[in-house]
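Next come two complexes, and both contain chain A; in the first it sits with chain B, in the second with chain C.
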Partner chain A sequence: MNNLLAIILKDTFTLAQLNSRVRVLKSTLLNEFFGGSQTQLTAGEMSWLSSLPPDAKSKFNKDNVYKIFEEIEKAIKLLPTLTIYLTFEPDEPTIFKIGSFARKLYQPNILLDTKIDMGLIAGCSLVWKGRKKDYSLKSRLDEKKGEVLENFKKFLR
Partner chain B sequence: MQLPENSVILITGTVAILASILYLREYFLRKKIIESQKEVYLETKQKSAELLAAAFEAESEIVSGGNWAAKKLISEYSNRLQNLIDGSRDSIISAQDQLINFMRDLQKRSLDFEQASKVSTEKRISQTFERLEQKLSDFLIQTEQKTAASIELELKSTRSLIETYKNAQLKLIDENIIAMMEQTLSIVLSKKLSLKDQLDLIYEALEKAKVEKFIV
Partner chain C sequence: MDQTQEVGYVTSSRDFLVYLDGFPTIKINDMVQSDEGIRGWVNSLEEDKIEVLMLDEGKIVPKQQFIRLSSRLGVSVGDFLLGRAINPLGVPIDGKGLLSKTKTNPELGLEQAALGIESREFITEQFLTGITLIDSLIPLGKGQRELILGDAHSGKTGFLIDTIINQKNTGIICIYASIGKPAVVVRNLIDTLKNNKALIFTVIVATSSSEPAPLIFLTPKTAFTIAEYFQKKGKDVLLILDDLGTHAKIYREIALLGNKSPGRESYPGDIFYQHAHLLERAGNFLPQYGGGSITALPVIELNLNDFTTLIPTNVMSMTDGHLLFKASLRSQGQTPAIDISLSVSRVGRQTQDPVSNLLSAKIRQVLSAAADLETISRFSSELPPETQLTLRRRDLIMELLKQDPLTQVPKPIQLILLALVFTTFLQTKNQAFVEKYKATIIQAFLRDPRLMPIAKSTAKFQSDEELIKILEGAGPFLAKLCP
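== the complex of A and B ==
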């Protein structure tokens, strides 16, 4: 199970992406084992499914599929998650870059939970284990508000 | 027992004769009494007339004597009364003089008292006015001081209020300037900042978080 999660996490960097991919895999396997209507998959999802190594799916059978996914969902809840507020909507390559950088810097299994806050102007703010730290341009402006105002007033004169 | 009829007649006749005798005796006896009473009456009447005449005579004498005595008495009373009136007149004149003197004395005393009262009242009024003047002066001074203090306090409060308002307005202006700058920066940077620059800023933030040990 841990091996499968490690395989999924290799190219999955956000919590939303991970949940989505686990849901897609589970849906596909359940459809294979028990039949029923298959949810329509996007091109990206199909591409990701086909990129999985063959032995990743070979461990599943009708008897253990529910149990394995239950354990995976439990393990996901225990993964370290860093919430990151950005000023733009990141695409997959950007997420890949940020995620890779974060995993190099901190832990190899760290997950990102990306959110948008346009008020930050530029940069980002981070939330880790319930604590928030603002590293954005707005935060820097607030820190140097007096100085900025003074310069601005000088400029006006 | 039966009496003979003649005896009855005899007894009855005797009784009748005796009764007639007794009646006659009574009749004459009464007649005699009445006549004697008449005589007494006449005698009494005559004596009464005599007494009445004597009484009239005595009365006339008494009345004539009484008039003289009354005149004498009136004369005496008149004299005495005149004396008494004369004496009373003197007494009244004397009392009147005394009363006039008393009234004069009373008038004099009243004038003295009035004068003294007037002086005393004037003195009191004067003192009262002096006190009133002093109190009024003190009150005016105190009021002036209080008013000055109150105005000073009011001015201070107003200055403070103006200062607070000025600071609030300046703070509001500063906040507006900052908000305007932030908004301008946000618009400009969202267009001008490249993805690479954005990523650099994010990498920088992540590294800084590690250095600050925010993420362990």
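== the complex of A and C ==
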């Protein structure tokens, strides 16, 4: 069911967002097929659901819904993920900006996994395939620690 | 500064076993650490995941980040370890403060392949335990591996402590690996060794039963690594692994948790490899490989004296003999409670001097002849005199071989005691006589100016007959001492 995943990925850039969207779609479909109480959806989730093309949902039926989602969840685990450590929680437009930039630069279906690390002070650090590159202010300061301390000492009496 | 660092993320965890994703260039036995300082070591690598065994206890959550430590699984070694008790990672646990190591002390990896045959030497020197029964009948060589088997409360630990204490002033370094024992046992061991002035040449590597299984698993490896350090400096080392049965159980726990298929008694298929890999590190080495020796005494506690289960038979087949301790013998008053007929030493005989060798062969002959006569021994008064003599000699030998804990019998005295059995002086005496006068006889040969020369010259005799002849001459004097 990579088709559906490709459709979702078009405007989904982070792993958290992808997981939550797949969950929303799954619970809506399960509710439609089998009934039960539906959790209250936020306005954002509602609008995203309605933005899906009508044929995206038409392939589901009572018999295949679990199987298809199992396949999607498996496929998500295999997606290339770029972990980004930031000092702030990025809003939707920022994620869109970073995400589309990364997709243009690296791979078309790359996912971002944003994490917050206040210790970085400013800037970010990136993890790609187990390698972490630190582009934060903290790493720069650590690099020039001696120099910075020397300069501070000038002001000490 | 290089800003690139390798990281990994937790994909799943099961108790102390954690699977990580990431670390493109990690190797087995590398150390990793979580952002909260919890350490683990890489046990195996799979195509898509890394299996890590955690050495510290703490909370592990999915997606948690791990970094790679610059140090690999190892321990810092040096003479500063003597007299100290450490855990397998080299952290002192005896409450005596930090180790006084310097930057020049090497850090050795725990996982070392055993040296090959080109580095080994024939075992020619006897390892003296100071215990008559062993040094005469089941002698050990320096570099031998001798399994210590026995029930609980059969006196195994007491024997091991005596052996360590008796190494005083010999230059032998003792290393005691206490594997997953209660903390109080380790405390008692430290105190006993200290009170008997044996701690200064001993290193204790200990893990208590409450510690994480992967840490307990590493205990014998650390002990061997320290032993190898001293061996490479030309020292003779005594290494005690107490006990490998617990070690096997801990490894079984790790393997079952890691989904390895269970084999006999649910132990994993590579349990033989794990123990053989360890014990092969012992031996007697050529001068160009350090020249020292590692004498290994692995211990296994038996259940109901059954030594036919997997682990005892495995370890029996990879050692050069075994000593079987029996709780029943101990309760009969025999200390050390070693079953002579079921114990073997495949290496020690070649290290004995000719007199001891001939004498012990004679003693064995008497013991086996007496065992054959066991069934008719109840008619003792009606038996022919030769048979009566054999049975009486067996009783005398068994009494002479009894030795209280924390006592040492010097090698010459051991020989004299056993040779006395074949003199006319003891021929007519019974077990009660020996029990009463054993200490007097030993003291006489150690201190009396008329008997001391015999004790000093035992090494010069060519055969046991010569020694027995000399002792025959001392008979009348001994008879006066023991009225």
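We take it that the second predicted complex is superposed on the first by the 153 of 157 C-alpha atoms of A that agree within 3 Å, B and C clash if a C-alpha of one lies under 4 Å from a C-alpha of the other, contacts with A are read in each partner's own complex, and residues count from 1 in each chain.
We take it that a residue touches a chain if its C-beta (ideal position, glycine included) is under 8 Å from a C-beta of that chain, and two chains touch if they have at least 3 such contacts.
Everything quoted here is computed from the prediction, not taken from an experiment.
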Chain C versus chain B on the shared chain A, clash or fit after superposition: fit
Chain A residues touched - chain C or chain B, whichever exceeds: B
Partner chain in contact with A:Leu82 - chain B first, chain C second, else both or neither: first
Which superposed partner A:Lys97 touches (first chain B, second chain C, both, neither): first
Partner chain(s) touched by A:Ala122 [first = chain B, second = chain C, both, neither]: first
Chain A-centred angle between chain C and chain B, computed on Cα centres after superposition, in steps of 10 °: 20
Which of chain B and chain C A:Ile7 touches, first, second, both or neither: neither
Chain B versus chain C as contact partner of A:Glu143, first or second or both or neither: second
First (chain B), second (chain C), both or neither touched by A:Arg131: both
Nearest-approach distance, in Å, of chain C Cα atoms to those of chain B in the combined model: 8
Contact residues of chain A, present in both the chain B and the chain C interface: 131, 133, 135
Complex contacts: residues of chain A adjacent to chain B: 82, 84, 86-88, 94, 97-98, 101-102, 105-106, 118-119, 121-126, 128, 131, 133, 135-138, 141, 145, 148-149, 152
For the chain B and chain A complex, residues of the former touching the latter: 174, 177-178, 181-182, 185-186, 189-190, 193, 195, 197-199, 201-210, 212, 214-215
Chain C to chain A touching residues, read off their complex: 1, 3-9, 21-24
For the chain A and chain C complex, residues of the former touching the latter: 83, 127, 129-135, 139, 142-143
